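One structure, pasted below without further comment.
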């Protein structure tokens, strides 16, 4: 496991066979990443796939059509989009010092309780890529709806070398 | 458009004919703006109008009584309240370096999908006032309920000169 | 009231007869507190009691089984868990300079409006312990569901001496 610390995040991505989706362009008057000093604030990302679309199994509500397994995959896809935005902003993932926080929003029926398990799809991906530097604070909540009826949305804060 | 960069935010407000509502006093043990170094954290703001009240068209749920157009106006009103709080804290909007982040919470029916369009009311206002320095990271979610049954709540983070 | 400022947060806890619950270990690939410079980001905390369990009156939805009074107590319990995490991370509450922000998520029926009153349970606790340095920016929203069907979840940001 300590190899995580010795290899760069970009190398880790390659080791893991992960390909990032295209960085989605915000469709309105906002930006994907805002930076203040070494703090990167990443806009909430939806589970767009490599084709720039949200797959049908990642649309809708957990507990009302979307399975926990598909939700977990959607959270992982959101995290890949977070990384795509960070890479687009910095040119590489390697200036990232650490992941400070993930915020996970799960589109769910009001009786769906396995929110943490769904959000683990995002947390696990970040730790796979950054190792211990990927361990983050996190808040997970179940919401009434998300843009485009996406099953999951993930926002993030990272620390980056200036 | 580049005039945005040359005129101060306070001048832009005047150019736009915008009048900020009174800065609403928090009704409990919290404050409207907390500052750490150059980082301003602004409490979630509701769409209070110039009379200090939430208009009837800005109360209730999107997709269940409140139209998308009224929701968009409510989001804009929330953003005006954000600016009122920042001005009350700093004495002027002009020390603001940039808007880092807006968080948008939309009180909605569980099948209402046009969340981004509603939230654009807030994002557009911030960019009208600050120009490119107003472009922010953003997360938009649909929630089950908001304080006072407001249709929209907007929180924010800004960078300000010390 | 000015005594608040003169006594340390740890002394205030003792004065108030408050005992912090055990700091709950995150059950997945995340951590309870992430730090960047003097900024502490605390993961969303649930209302675990001193026995490490969520009491039955702090499970379920406000406006659909959980009373506003119990919700307020649940919010206070969440804030005690926030403090437990900060103390576990720093070794003491005394390096805390101030509370910057609380985010309150209330698990509620879609027509429950007294969100602010519930969240006051958390805000009041933080101000009891830190005095004026505990006054924070805050966002309160009503959500469709929370992990473990908890009635309330509270996340936080603090400023701490390096």
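Every chain is named by a letter (A, B and C) in the order it is written, and numbering of its residues begins at 1.
One rule holds for everything that comes next: a contact is a pair of C-beta atoms (placed from the backbone, for glycine too) under 8 Å apart; a residue touches a chain by one contact, two chains touch by 3 or more.
Quick caveat: nothing in here was measured; it's all calculated off a predicted structure.
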{"item": "Classification of the chain B:chain C interface as same or different, half of numbers criterion", "value": "different"}
{"item": "Size of the rotation, in steps of 5 degrees, that lays the CA trace of chain A over chain B", "value": "120"}
{"item": "Chain B and chain C, separation of their C-alpha mean positions in angstrom", "value": "25"}
{"item": "Residues of chain B engaged with two or more neighbouring chains", "value": "39, 110, 143-144"}
{"item": "Chain B - residues contacting chain C, complex", "value": "26-34, 36, 39, 41-44, 61, 103, 105, 110, 143-149, 153, 155"}
{"item": "Footprint of chain C on chain A - complex, ascending", "value": "38-39, 98-102, 106, 108-113, 115-116, 119-120, 123-124, 126-127, 134-144, 157, 159"}
